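Below you'll find a set of structures to go through.
Both complexes shown next keep chain A, but they swap its partner, so chain B is in the first and chain C is in the second.
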Partner chain A sequence: MDEGRAQRRAVSPRLWLAGGWLLLALLAAIFAPLVAPQDPLAQDLMLERLPPFWMAGAEPGYWLGTDSLGRDLLSRLIFGGRIAFIVAFAAAIAACLVGSMLGLIAGYFGGWADRIISRIVDVWMAFPPVLFAILLVAVLGTGLSSVILAIAIIDWTRFCRVIRAETMGQSRMDYVENARIAGYGRIGIMLREVLPNVVPSIVALLSLEMGIAVIVEAILSFVNLSISTDDPTWGGIIAEGRLSIHQAWWVLVFPLITLILTVLSFSQFGEALKTRFDPVLR
Partner chain B sequence: MSAVCLDIANLSAVLPNGQRVLRSVSLSVQPGEVRALVGESGAGKTMIGKAVLGVLPSSVRIVEGDMLLEGEDLGKLPPKARRTLIGACTALIPQDPLTALNPSRRIGSQMTDRLVRILGWSGEKADTRIRQLLDEVQIRDPDRVLKSYPHELSGGMRQRVLIAAAFAAEPRLIVADEPTTALDVTVQKQILRLIAALQREHGTAILFVTHDLGVVAKISQRVSVLYAGKVVEEAETAALFAAPQHPYTRALIAATPRYTDPFASLRPVDEAVLAGLASEIAAADQAWRRPHG
Partner chain C sequence: MLLQRFLIRLLTMLITLFGVAVVVFVVIRVAPGDPIAMMLPPGATDADIARLRALYGLDKTIVQQFFIWLSGVARGDFGTSISLRQDVLGLVFNRLPATLELAIVALVMAVALGGTTAIIGARERGTAVEAGIDIASGAALSIPDFLWGLVLILLFGVLVPIFDISGRVSPQLDLPFVTQFYLFESLLRLRLDLTWDLLKHMLMPAVALALPLAAIISQLLKQSLKEVLDLDYVVLARVKGFSETQVILREALKNAALPTLTLVGVQFTFLIGGTVIVERLFSYEGLGNMAIDAVINRDLPLIQGIVLVFALLFVLINLSVDMMYALLNPRLRHG
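Now for the complex of A and B:
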């Protein structure tokens, strides 16, 4: 028993892989002006549809080739990552705060609070999320903050449902009853006793939600409803790449790969974090 | 200090469908006494404990009766004062040591927290007190235990920690809700001895809820036998075993397996006794309903 405790479990490879990719993408996005080989907006029709570096006809400095206006694809992906990460963090954290708080209240207090919150969640989830997002952005107007707001408004229910169920499970445990007997207030018990036990789930969901936010942002920019069309976004690049798929497949394929890797990494990272955070699973 | 630690009079509780789960229960616990509450599963033993501690499930409603804790009528106190009184005067030794400790907090912080936040002790005083209690429950390496998370301790260790925690604040009354049921037999005996020793040492009254007559005989001075939420017999422990009055009590004692004859088959409680009980309870319910509509 003592030995088992002394040996900290080795960090799993999936935490390394997922975390590594996210860190790489995040650093590239933060230091985009330093890292990007070209200006992402600079057009040069002489350099249009250059292939990636290993193919014949590639130009040095344009590693992943260029699009139909001669803009460097790698630089556009790096700058697009900025918007992807801002949206991912801001929207996921906003959705997490609202959803977790409501889920905690519904799960811990039960009764009327639970009935009201759960009905709202049911109604909310009846809307198809992507259409709901498009509708919200249409109403709120395009722009970074509306995209973030729209994602938070749609996806808080995900947190609410899971955290409610987890909280209900925890609330039935004897330690909560013991705290009641000791004379702790109900809100104190909810925040000090129950909340720490649902944090691992919140962390996992938060990471998963960041991946989802990246997808939703890409969908919105794909249909041209995200931020202004000047700034490169992954969804926007995919939309452009779709038009020239027969002449320059790389404009479609590389942003897709980036998107998939990022979303996958977020969800894997969350799961791995959950196992590390949870004192019982650890 | 009042003469009676806990006095329950005529307590009835119902489920939402109107079914009674406690049928006019009366029992009292003297200061420093171990009072056993014995009955089969679903007899309402735990329900009585929860009622005293103010943690009945929300579906169960108390419809009549009084509970006096240290002379204060729990039903008449405002909720806040009731919580404070219960928190200061009582503690629980729970049935399942696996879920009774918060899995995400270290043992030390859980144990001192209550003394510091509820009783207003200094952290240092609380720490000294906890170590003293851990020593009393024969935990030899308090440093390791206090630093551990609950899942790092065995079931028996956790139950010791919970016993130490229950006695730490010097409550007047401890409700022990089948504290040995979830443990294996060898550990049961140690835990039982510990509870008895600490009880004598601290002079705490215990309401000892159990289904095990062997435990009753070892630890308690007086015993109430419960069936379907009704006290069918109440007596001094010695007297109960020497001369059980109620047929159900006799049947329960007869049903207890004995080591003297390991090959005897287990004997269930006699059908006729249960039928007698059923009509007794039906009659009591009818009598109760008349004035209560």
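Now for the complex of A and C:
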């Protein structure tokens, strides 16, 4: 118990840092046209490969420097955040809805429902996820909705496996038996009694999945299969940075820092939320 | 008992593989874009297209195509790659060793790093050393292999360029190898100059793949070690005068390792899945890199072959871990 409380106290500053970064990045993405110092698409070969502001040769107004086409890196990162957050929220929520529902059904009803769902999960787990994602986007065609759909199709199993196991545990508890004796229907018990008790796990996984979705989107843009090439994406900037790594390291460093901070924040946020909601630790 | 367990697992494994074959077959055939049109020059006539479609069996229904393909697979014939015009199985076997070597080197590194930090963390439990290990493993775990790969490229490819960041082996070298297992063969032939060159190329992608797994091993093994260290027989060993390190290595480790083993199996399949993008990142000529090219070129037979080989690898690893667990766990062995 003491350890749990100590853990909770230790988690707090991390929660603030993680939440702070996510809020900052999200607000910047939402108000991108107002915050971005430059047009993210404007090319100017006179301004190509400008270094970040503290280095010799930097231009005012181009804080993080420019890429090999003279486009402002900071503005591209801010606009790239729009795609990243849209994909993170939409894909994670879609994967969560499908996976949690199937997990609840498999865990609560057991029997054939469980056998069929678990077999499908087994098949899904036998695919290398990145290859599966690339394959799906190639099939669905590049574009924002394809990326979101592909991530949801692949990652629902994460929710399904965890929620299935948790639901199985909850279903054996006394309160479920009591509800049954009290005459509630099975679907009613599943949704009204069991579901609220697995919500902490769902929320924690949801936050984790948002981080994963951001990475998958970056990987897809990296292999040039995400959305149209015009709009800046974090993965797309990284792909450019990888190519010009010896001439302009900043084009790789800044999107990389942005991605790492975002992924770490989503996972820390998830952990902290789980601890906060967990009745045992509370 | 053990045999029965094995047979059931074997059966579910076959069902899983069949499921993977069906899914990948259906998915790539609903794809828009005609692979045949892509491989012909612009002036090709409709008759040319029809002839090639018939040659690759693309003029039949999906169900017919699936069973033609499946009966071929059962005979070891995975078809012909459309973009490379070679036998799919030959192409896959040519690239698989590179991926296996990378994955195994990464696994060894993960076990070594995770195991060492777990033992140190358990020995120094409750101190700043353990807290430091916890923070490091937390970060290693949260950051995926793709990002670790990029960090390593920046650190050791650009900032301090001591390792190669692209390819599997220096192209100017003369390779005497008869197999595709370059690393193992170079060791067998005692060509340590080649081993060193291969390792210099392999090290960074391997570290990128190993770090998240090392973190999981470290966390889990440390947890089980700490639990075991409070048990009577360990206390007894301590009373006998063994040092804490000796107690961990000689008494606690073998009992604490079992839960970690099962997890390492599943996580190893994730590591192999990660080779796809990490190979791409480091231009390493393995199966995953070829898979991405196959998808971009809409090379249906090659995609099918590669995905099936990956799936086979995954289920075989899970099967062997399951069997190993059953063999090592006395409760399952006798019950």
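Criterion: the second predicted complex is superposed on the first by the 269 of 282 C-alpha atoms of A that agree within 3 Å, B and C clash if a C-alpha of one lies under 4 Å from a C-alpha of the other, contacts with A are read in each partner's own complex, and residues count from 1 in each chain.
Here, a residue touches a chain if its C-beta (ideal position, glycine included) is under 8 Å from a C-beta of that chain, and two chains touch if they have at least 3 such contacts.
Because the structure is a prediction, the values reported are computed rather than measured.
Once chain A of one complex is fitted onto chain A of the other, the partner contacts of A:33 are absent, as it touches neither chain B nor chain C.
Using the contact criterion defined above for the overlaid structures, shared-chain residue A:20 touches neither chain B nor chain C, since it reaches no partner. In the superposition on chain A, A:238 makes contact with chain C only, not with chain B. By the touch criterion defined above, A:120 lies against chain C but remains apart from chain B after alignment on the C-alpha atoms of chain A.
Look at A:138: by the touch rule set out above, it reaches chain C but stays clear of chain B.
Annotation for chain A, partner touching more residues between chain B and chain C: C. In the three-chain superposition model, chain A touches chain B and chain C at no common residue. Touching chain C in their complex are the following residues of chain A: 119-120, 122-123, 125-131, 134-136, 138-139, 141, 211-212, 215, 218-219, 222-223, 225, 238, 242, 245-246, 249, 252-253, 256, 259-260, 263-264, 267-268. Here chain A touches chain B in the complex through residues 1, 5, 110-111, 173-175, 177-178, 180-184, 193, 196-197, 199, 279-280, going by the rule given at the top.
Listing the residues of chain C that touch chain A in their complex gives 12, 15-17, 19-20, 23-24, 27-28, 30-32, 139, 142-144, 146-147, 150-151, 153-154, 157-158, 269, 272-277, 280-281, 288, 291-292, 295-296, 298, 303, 306-307, 310-311, 314-315.
Contact residues of chain B toward chain A in the complex are 53-55, 58, 83-84, 86-88, 90-92, 94-96, 99-105, 114, 117-118, 149, 151-152.
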